[in-house]
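There are two complexes below, and they share chain A, which is joined by chain B in the first and by chain C in the second.
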Partner chain A sequence: AALKGGLRSQVSAALKEGRVTPTELCQRCLALIKSTKFLNAYITVAEETALKQAKESEERYKRGQPLGILDGIPVAVKDNFNTAGIETTCASNMLKGYISPYNATVVQKLLDQGAVLLGKTNLDEFAMGSGSTDGVFGPVRNPWSYSKQYKEKSVPKSHSEDEESDWVITGGSSGGSAAAVSSFTCFAALGSDTGGSTRNPAAHCGVVGLKPTYGLISRHGLIPLVNSMDVPGILTRCVDDAAVLLGSLAGHDPKDSTTIQDDFRPFELPDLPDVSKLSIGIPKEYHAPGLSSEILALWSKAADLFKNAGAKVVEVSLPHTRYSIVCYHVLCTAEVASNMARFDGLEYGHRSDKKESTESMYAATRREGFNDVVRGRILSGNYFLLKQNSEKYFVKALKVRRLIANDFVKVFRSGVDILLTPTTLSDAAPYMEFIQEDNRTRSAQDDILTQAANMAGLPAINVPTALSERGLPVGLQFIGRSFQEKQLLTVAKWFEKQVQFPMIQLEEVKRHDSSVFQHQKSASFS
Partner chain B sequence: QKVSVEMLDHLEHLALVDFRDSEGVERLQKAIQFADQLQEVNTDGVEPMDSVLEDRCLYLREDDVTEGNCTKELLENAREKVEEYFVAPPGNIPLPKLEEQDTFLQGS
Partner chain C sequence: MAARGCGGVWRWARQRGAGWPGSGPGPSPRGQRAVACNARGGAVPAGKSGLAPWIPVVGLEIHAQISSNSKLFSGSQVQFAAPPNSLVSFFDASLPGTLPVLNRRCVEAAVMTGLALNCSINKKSLFDRKHYFYADLPAGYQITQQRVPIAVNGSLSYSLCIDNKMSQMVTKTVRIKQIQLEQDSGKSLHDDTRSQTLVDLNRAGVGLMEVVMEPDMCCGEEAAAAVRELQLILQTLGSSQAVMAEGQLRVDANVSVHHPGEPYGVRTEVKNINSMRFLAKAVDYEIQRQIEELENGGTILNETRAFDSKLGCTVPMRDKEGKQDYRFMPEPNLPPLILYDTKSLPDNMNHQQVINIDWIHERLPDLPSVKREKLVEQYGILPEHSFTLLNEDGLAEFFETVVKQTQMKPKKVIGWILNDLFSYLKKHSLTVKESPVSSFLLADLLNLLEKKEISSTAAKRVLAELWKGEGKTPLEIVKEQKLELLQDQKELEQICQAVIDGQENE
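After this line comes the complex of A and B, so read on.
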């Protein structure tokens, strides 16, 4: 039962009262990780250190001196965050075997509060992708592929077909983290979000995915993709837990000069949030081509929910939305070209055996270390940054970025508090279908609803809403004003309470740990 | 317009990453085509936006050494080293030009 509860409301109390110990929690999670290995959510499992951390936490609870709500809580971290003494690979050959000499600030903060680091989760190589299918350790499988809810709705396969072939993707690029939280192997996970990489898999895996305001949480130790857009992302099973994580991670970091210096005060969300005084904006451009009719209907229903609760619901316009993907394409590849330049084989990571010259060693190292997606973005980025091209592409994109950001400023200035949009165009695609298109095409399609928030630096959150006709999770997204996470999360919590998203009923795993999964009859939204 | 061989060569030298095959070149072509859509947007009088935090002062800390002395840790991840040096192959030797290389362009 402890594995299902909210951190503040249930787990923390259970730990303090000794009804469950940190070691038990840790062991349970480690066992679940083993039994869900087929999901491929974890790249590295730090079993020894996790058990050690759990033991230390247990001592603190025995002395009546826990460090806080996160003390003893098993967490997982996306494998593009540096973790001291633990391999950090970014799911790339370039960093296979790389043992970080330091902890990313967010990792250090979690450890300082007693969290138990179970391991590093799988992703698209260097966080480039929207499926968590393009890493060197293979794709991540969505736990919902193995749920009763999905299996009930699938067409039964003939004996000759591999029963396993219709599993669906997690979305990406933080798919491993989303799958880890969704399958109960940890209470919370860190992801990263540059174009939607935390919210997209959160939507597909039925978990809460928070993208904080740019500048709120330190990026020190997060291996960068796009320095001006990257943020650490938070994945949890409920909005209250996301607030707890946010409280422990946010705040100025002297090691990251892009973190703002304002004081951040951790907050608790009201038990009974009130949305009647709010104005909810529905951006019409988010009715994007390809949006499934199911999600459109859910979005509309959600708007009605707010209306019925007394909120003001208005249609708004963000006219430059359709250019955010093109803009992102140029800015992302340009920053990637720069950020990937550090991988030359000399100081860390993969090094080729070629030794005729420095340049030939660099070139061979990078050819051997990076996959096609990464190399493609580096080359495109260099093209857009050439002297003869930079005005036309790079600078132009920076101007379009301002237009996109200004769209949001105008809407928020007109009295709208929160925007309500879909998170993804549809529910999770089967892997076999997803890989029919190349990474760039997929990313361009899938990022359309999430990318603009990164462009403008705004906070955004995915809240699991309902199950699709195929029995898979669908989420809706709320976008808030800069640094107004409290309001954003309050609205998200209210919505979460309204929709009562059903708990996943994992079939395969049930046999191993039957006490964890209790059938819960809950009024569902759809 | 197709990207010229000189341009491909130039990019490979700048990026120190190769296109590997015609698919790689196609990928670049498509990327450029995609990016050309930006020209549709009217950006007259619009200033480029480098950072969403442009209205704030960037934090600059004091110029004091607060950490360091971690030579050993930093060298641990390097494959080739001598004493406290990272060892690189000889420099100042340019990569061969695309035409001189045994690449896909010559059907290798």
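After this line comes the complex of A and C, so read on.
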């Protein structure tokens, strides 16, 4: 039980003391990736380079010169970040087999600090989706589908179909990264978050999912969905680890002109956070249609927790929230139409055999390379950008976006420190149920609680809170002020301590030496 | 009143079908057409035939490649005629995940140019994406400044001579609508026999300044003169090398014609103009073509036409996709471009990080117009001579060096420079730098002349010898060929006597 707890307090210490070596850690993760292959969390496993990196890390520890807390820590990266020498596919036929010549800044930072890159995780094609079901490599399965907790509560319809039809989705689009962290195949993973793509799967998979302030972490090397909203996301087992990762990734990047120039100082969170002086805002608009009664109950319980700890809890209003999804739809598709224009089959990626003309080659390449979801968004985005439509849709959406952002400014100016909201409307849906609806409808529903934070560029975090009646994770979201990650994470850590979210009980994990992977056992919050 | 170019009136009219490729067959039933110039404030003369005259309107869009070490948004080098695809960064090839980083030098070049063209510099300008699919545009969009460009509302004064007489120069002004920063595209080479397109991305992403001139011109000559002046300014500033033959200066002309008192006609855009001479030709051709088209009851299409320099005419460009909708969108990866002046410059700003407009203003070099004035004032030469001196790269410097090293009056020196040196260079297609006669040699020669050691006829012979570039000094040539003027009275008498004696002996 040496390695339960966070990276800073436990794993790093065990590595320093030699109780475990980076190679051992890496090998155990690789073995676990193999035995949980059915989750489909990884698109590419970079076994060879990972073991090589682990060995180099081991040498550093032997010399007594580790590079820092992350040295020797196995991590996974969503497959929309460029990784030199390792395939980067975006789960699309368009980039199948594409090997980037450079590392994304965040990947380079992880490697520079000694982290071991296990592989690339699954996602919706080009991160367009909220289920991690719409990638060319197939859907990701939520590890909790196979947990003791879920199995005990779910009533099998028929014995034989049990596992095949009852598994639930991870949420998305960073479902592979969430599943990878949740099933203990890595210690931390990078996701991306444009409308909730890190927080949503984090909530469904019972892990911490942090979306930092826009401009705090470099996007260089992240294959964009919506440049003005994308941020690299951090998925970890606990809030302290998210702070460690944030500290290693944040800061100005000369290759990304939208990162802030100010120095970022990595921080540690207090062991005994105090929330008594805080004002917690409960935005009434987040009481959205379709919000499950379970989550509503958890939400108000959480508010009570803060009240009982001496914090001020106030109801606030973000009146333009209801326009957020439709506004997001216009802005997202417009940028998608623009960003996807480069995939023409000329410089890289898929190229169709059609050769009648350059135009027919473009058309065939793009038809063969993109799925329906991507093509649909390109089509609507181009429509919104047409000269005759731009003012009516695109420019208007930009104005509404400003109103949405101003809502937050007003609330924070009124003295509220942190907003507390649900992350998702309900717990994870079974795959068979989820795919009944089309991607657009699902995204509109699933992003509803997360997406406004992207519009406003604010930091937000999902903290796993409790298990639902079906034995699946449910999370709550905290939204903070711009660049006030320390305050946000401090509150999240305090909350995490209060709720004592239970550890996933997975056969596959048990079979391996679980001591490496265990968190502290705890009673459930509900 | 504004002076009128083109000889005051567009009397330039002609018999139809007379050696003009592309014009309709047969002689015109109405014969000559008078064309009026739209010189602002000037009276529009009536047509000779009694019919309403035509007013041609010419506006220009000029793309000047910025002279910089690296591209507008990437670190790749900028170099003409490098091996194909050898100067291409990940960003230039639009690899997924790459982001633009604005090149400070390019911004400074645009600010300098804006100031030199009397523009107001926008302290906040924005970048936009302009979308179209083309093989040499890897990202599928060009980053440009559609909404708020870096400089607006300027003007450019230029001079041209009337009826080709250097002594009759007029100065005109064209308004500059705006200057915007944008990316250049790559180059496509179409191999029709193998039906292949080869793409070279070396030029992709090089910084351009698009200078938009308002339709204040009325003929090819004016357009050419305005562009020539702009070229000189750019070269003086060093913001662009502006060599047309290397594509560093590319001109598109918007041309329309209308009758006085009527709104502007439908305009065409003429592209593919790659020299100053062709610019004048293309514009004049297009004006005449439109007039003829309209007089024959036809209409002008709002189309893009290419100038065919071999045929000397403009032809419609094949535009398969028809009218483009560029679907403009703000470039989300670049924050607004903020410039400062000394007043607005924040104290705590790192000076490496900011651009101070005033600082650039103070360091602007003398512009061609000022240089010309100074030459006229300092050396007493004619204004038209100052134009010739500046029009030829290095000629003004050559002139000044010679003046410094001789006792000869500058007014006399200019004759030697323009009539002898310059015409010789032109005849042999040489640049001033390539001249076999250096400024020092010419100065030596002129000193011999000034000291009356040789006659001006002899000086021309020496100069002819100097062109051979055999490394001899003027004095050596004078001695070799015995060209000295004799000033000794006795010696002269002796020679004369000898000649007379010779006569008597015969």
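Criterion: the second predicted complex is superposed on the first by the 504 of 526 C-alpha atoms of A that agree within 3 Å, B and C clash if a C-alpha of one lies under 4 Å from a C-alpha of the other, contacts with A are read in each partner's own complex, and residues count from 1 in each chain.
Heads up, the rule we're going with is that contacts are C-beta pairs under 8 Å (C-beta built on N, C-alpha and C of every residue); 3 or more make two chains touch, one makes a residue touch a chain.
Computed from a predicted model, the values in this text were never measured in an experiment.
Greater residue coverage of chain A by touch, when chain B is weighed against chain C, goes to B.
Contact with chain B, but none with chain C, is seen for A:V400 once the two complexes are overlaid on the shared chain. Contact with both chain B and chain C is seen for A:L346 once the two complexes are overlaid on the shared chain.
Applying the stated contact rule after C-alpha superposition, one finds that A:S338 touches chain C and leaves chain B untouched. Look at A:A104: by the touch rule set out above, it reaches chain C but stays clear of chain B.
Applying the stated contact rule after C-alpha superposition, one finds that A:I260 touches chain B and leaves chain C untouched.
In the overlay built on the shared chain, the residue A:G457 is in contact with chain B alone; chain C does not reach it. After overlaying the two complexes on the shared chain, residue contacts for A:H220 are found with chain C alone; chain B is out of touch. Once the two complexes are overlaid on chain A, the chain A residues touched by chain B in the first and by chain C in the second are 101, 228, 254, 257-258, 261, 337, 344, 346-348, 355, 358-359, 362, 382, 386, 398. By the touch criterion stated above, chain A contacts chain B in their complex at residues 98-99, 101, 214-215, 228, 252, 254, 257-261, 320, 323, 326-327, 329-330, 333, 337, 344-349, 351, 354-363, 366-367, 370, 372, 375-376, 378-380, 382-384, 386, 392-393, 395-403, 405, 440, 444, 456-457, 482. Contact residues of chain B toward chain A in the complex are 3, 7, 10-12, 14-20, 23-24, 27-28, 30-32, 34-35, 37-41, 43, 46-53, 56, 58-61, 70, 73-74, 76-80, 86, 88-95.
By the touch rule above, chain A contacts chain C in their complex via residues 81-82, 88, 90, 95, 100-102, 104, 219-224, 226-228, 254-258, 261, 334-335, 337-338, 340-344, 346-348, 355, 358-359, 362, 382, 385-387, 390, 394, 398. By the touch criterion stated above, chain C contacts chain A in their complex at residues 90, 93-102, 129, 131, 133, 135, 138-141, 195, 197, 199, 320-321, 325-330, 332-335, 353.
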